[in-house]
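As structure tokens, the structure follows; a few thoughts come after it.
Each chain gets a letter, A, B, C, D, E and F, in the order it is written, and its residues are counted from 1.
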């Protein structure tokens, strides 16, 4: 029996770590169920349900250097939070793994995605391409729009909700969109197509809005949306591109009473580390 | 951020509306988990999680006239409730969408199903073909029997629970039954067969007992039953027959703490409106 | 059995009503447990648990004209919400009963409290006297400061949490504060003292932050704080001043799974109407 | 660690037992939160949280003969259930302890209360004196009316909700009513008055609607009602009259997630046995 | 409406029964979410949600003799519990169905699995092959190691978590392991392979750790692990080997608030009885 | 908005801190509701609901040096855990605040209580004076017996459950016991008596089993027991003896869904620090 206040894999320090896990527990603009501010700690707790060995990859994770850096201070305005998070990220030597909080916290990845020949790969049920929402350009429904404006290269996977304006924006701006119903119809084909699209990039930042998964797998999310993808889809894609991933965030978890959504989140972090760690 | 006390699509009035949403929050005969009386309001709440645009059909739902008429008064005996609901339904000019409450409230649809060349298409884990239960002919386990007696044309999809007498009644009375295990084995084939069976009808009333879905997708139902169908099956069937649907009810939701069952219910109402609305 | 989407006492229309109930489901700045956006509908639901007769006052509430006006639209920025709420309030002929949402929505009462010889009586565990919080002057922790700035006359009851600056502000500005521990030690004495303080005002606007009560009675609040007052204290105070109350808001409920906090909220609304209605 | 499917004190058989515990898990007419059908088993589970020794009375409960007879079959109509329960009760040699289910199941006690110089002492937030509700004379809101009709001697403690007609009925028919607010104001006085009223009876049947307690102590009830009494009031009253109690039912528990209401219920059953058992 | 304290199929007595259901509510070594001690009663409760007729097999289960023998006393040390359970099992004439409690309780099956040409078929997400955990050889993570030591023949299905040592132990000792990702990729093939492996045994004891299923289907388990199998896989395997199954345990359920995991557990017990009962 | 993974007051380091908070998340012997292993993190989370200023004492807590040292590793046997905890405690320079976990973890305080003229003051509903339970001398029901054996001076407050043997042990060994019903009858008197008893000790170690409080205030405990004391009683006692308290543990919290028990726990830790810190 072992439950601790940090992510179970943490075995290193900030400077030596190959992977740095940190939380950004901000959820000020959630449009339906709020509470993702509690996710980083809940996912840390759930990490103690998991082994430090990846059976899938036959990899002993104690050999990988991981550090849980705690949470970014989310006092103040969102601009202040974003500055703090971006500054923190800019100093990191290891691979960053940010746990939200709402999707907006993904905006702190901008410098990463602006790197040469990089793209922002986002798993989400929603476009998040609005120009503003509730009079706020940093609403969680605007995240991808903000990032696209600065970065220009976005690929979306699992989309099944949005407004006409967002669809038009995506279509009019060359954003590659993989719709959930197409994926559900033929997952292998769509995953292959995605891999092909990603082949053109040397660096891939991955943002995982947990509502991309069907609520069956991830009931604890802020804006559950039926008809989602299976977590195995995510795993398979990550396996294919793990040598080019440069950063990762996992967002929009609202902890559920059975602790299953937070366990899935912790598991995906462990397997992402395992997948990338296998290349080191 | 916007949560209101009416269904989010409501944008019209009773007389002009093409679609009328109303609740019948009665659950007096539930045999296991009671509480579907709270479903109409919970589904209304969850509707605010959804967009007023169907990405699936590229349809702006603000162009469709929808009215949330509130709840039918469920004071009194079930007979009184049924009379009120039936009278309400008889005066409607638009397409009726009833939210239960338990399955019994579907009995208020009788006049619809009695129309020329109409049938009652019911998605359910259970036959609901008992002659009586707990000494009550209007128990939720008798709904389809009551409707069959008056109407004669019933098609059942997703069935996986019942008693021998119900199976015999279905077999002996020409009720078409699609069993859940057959559907899970080959969904495309079984959906095609269903469509073919429905081809003979000019009018189809659709009753959706949410326990037809696997509890993975709809954990918040009164009598959860494993081995259920996937909500995408429902969506695909509705798409094929949307030009002939004459009425709809959605029943047996007991709101869950993660708000996912009520979100699925709200989503299916939105997409049914979208599917039928595309034909208008 | 009767559950509906409006407050159970609603029996009138906007223009004729003596009491108008409406929701302002905004909770964008909650500092701990968010979710009071779901409170207005949850309290409406719980109102169906209650009788339309006050046994305490022997008053038939069907004789009092009440209207549930639904929710104020909370799309947009808080400034926009506040404008909408204030405009709505400015047109009302009847007694306003606002259901939050977080405490900030109480700011829409300003015009009421600015009336001649009026005061703002607030039940709360917290001062809410900060100048800003999270870089936002309209954070829920600043509500009373904002109101005090415009109005000047504030009385606080049940206080047991805050920062030194807030205490100094209260002390330095003549705000009467009744601390929770003093009330728990001798409720009768402290209630009498409060009544005496209130004697100097002709008009009293009452704001009830439900966290003023002990979490034993109101577990479903955004920022639960131990050592709170008993709901009977509120009832007794209201009885004494009911002839001078000019408006009411009830805020900070985050619905709980046993439905007890929302039932307490609905009950207090019913008894406030009953108390004031007895004078009509 | 020991959790079993029967009440923890059960140590005897039906014929030898001095106390017989049994469930009547019927809740077909609940007006707000249904689910008391799950209470008997939940209270059995909670009984394993308690000792088989009463520290309060210094009584070893293994010396008292108790039998858990399981549940009365609640298939069929309520009339059938009532017949079964009454027949079961009529054959019992020991002291009966019925666990509801809703309050209506208390009607099975009629033969007990009809005994010479007996009365029905009911702890409840509600009068339950309606002549019918939802067109049903056996609605839980009519329980006490039905019993009064056959029995004539009723004493009510903890009342704080009802309609004018019920109050008039109580006043016009000599029913002694102790209102909750009077009890809260001076518990000792009101308990004394109650004891004096009960002094005139040789036999007392006790019915405990758990909503008589404040929702702080019993959050898991079907119709929570604020301003309730403290469980210690019940304990003190039982102590005074334990030599004349002839039967007991405990009703209206809807199990809560923290298991506190069911623990309170189990505790009160244990202490009632202890109190009566001390006289044996 | 019928909820009782024993498993719904129970219709016989200990000596005549073909199937004996009993609980072993011990969970002293759970490594993440404890609480499986509450599972036997919760699964009994959920059994009342199900029919006594298997629609899948067209079998009237009232024709099969089933007895619910209550729970094994879990007072004392685990060694004492194991002795009690083993002794109970050794005297049984009918087919044993043990409900945990944690997986460790499966150790009471040893005498069964030691029979001639018998094997231990275990469905689990985890190897449970550790030599000790928390300094305890009877930790739930060591169950299969303990059984293997005495029995030698183990087949594992659904595995997806463990440590390197466990994998090596399985590989080095000829334990057949079917990994979850292989099953998800091609269920039919892997099920066929399993059947072929099982063909060599005349007797099969089946142990079902409910965490073998995806948390989507079984959210209420002690150590939820994503990427699990579908319950239909279990059903299909059981159908194929039902004539050789000699005992069954179902473990690691921590009851969930929607009652879906316990319903799945009860359903699988009913269908296992149905499957084996068809052969009688 | 600020939620972090450490206790909110933490502002120092291990060597400089005046107060050291640490968790011991062990709950291996809980007899009813397990899950206190999750309490340290839940209480840390709840601490962010509280101010760093004590309004009660007008004390700025940023002036007090506090350090959250994380959790003691609870891998291994309880003996190993106890050794680790004791060793950790033996090296501390500051005041220790241990968060359980179950009551057994209090055994790590032995060296403290063995100091000259020290006593162990325990708030609890239960004696915890058994010699063994479940064949384990380190069961949570034996905690106080183990401590008494080594220390000899124990005072118990809030007791209301136990077995005859425990009462006799207490009476026969000069353990001062304050029963809950006596405290509820006249709190002031009993608190005075307690203070007088404590006057004879120069050092007091305080152990707070949160089930000492009524479940109304602390619903989230492992073994809820009705008729408990009010948290204000604890506060008042602490105020009187704060200059002699040498260590503190808070145990048996099982986090509740409304986060109220963990908030109460965090609050009492903050106020204990404030009370003792005022003397520094």
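The rule is simple: contacts are C-beta pairs under 8 Å (C-beta built on N, C-alpha and C of every residue); 3 or more make two chains touch, one makes a residue touch a chain.
The shown structure was predicted, so the numbers you read here are calculated from the model rather than taken from an experiment.
J.: Among the other chains, which touch chain E and chain F together?
T.: A, D
J.: Keeping to the contact definition above, tell me which chains border both chain C and chain E.
T.: Both-contact set = A, B, D, F.
J.: Sharing more than half its contact pairs with A-B, counted by residue number, which one of A-F, E-F or B-E qualifies?
T.: That would be B-E, since it shares over half of the contact pairs of A-B.
J.: Of all chains present, which has the mean Cα position farthest from that of chain C?
T.: Between chain C and every other chain, the largest centroid distance is to E.
J.: Between chain B and chain D, what distance separates the C-alpha centroids? Give it in angstrom.
T.: It comes to 40 Å between the two C-alpha centres.
J.: Whole-Å distance, chain C centre to chain D centre, using C-alpha means?
T.: 36
J.: Specify, in ascending order, the residues of chain B that touch 2 or more different other chains.
T.: Correct list: 1-2, 27-30, 33, 37, 75, 134, 214, 216, 219, 256-257.
J.: What topology does the chain contact graph adopt: line, ring, star, complete, or other?
T.: Other.
J.: Could you list each pair of chains that touch one another?
T.: After working through each pair, the chains in contact turn out to be A-B, A-C, A-E, A-F, B-C, B-D, B-E, C-D, C-F, D-E, D-F, E-F.
J.: Could you pull out which chain C residues touch chain F in their complex?
T.: That would be residues 29-33, 134, 159-164, 167, 179, 181, 184, 214-216, 219-220, 223-227, 256-257 of chain C.
J.: Which of the residues in chain F come into contact with chain E in the complex?
T.: 27-30, 33-35, 37, 75-77, 80, 134-136
J.: Residues of chain C touching chain B in their complex?
T.: 1-6, 23, 25-28, 37-38, 40-41, 44-45, 70-71, 73-75, 257
J.: So in the complex, the part of chain A that touches chain E is made up of which residues?
T.: It is residues 1-2, 48-53, 55-56, 58, 60, 214, 216-217, 219, 231-232, 235, 256-260, 263-264, 267-268 of chain A that touch chain E.
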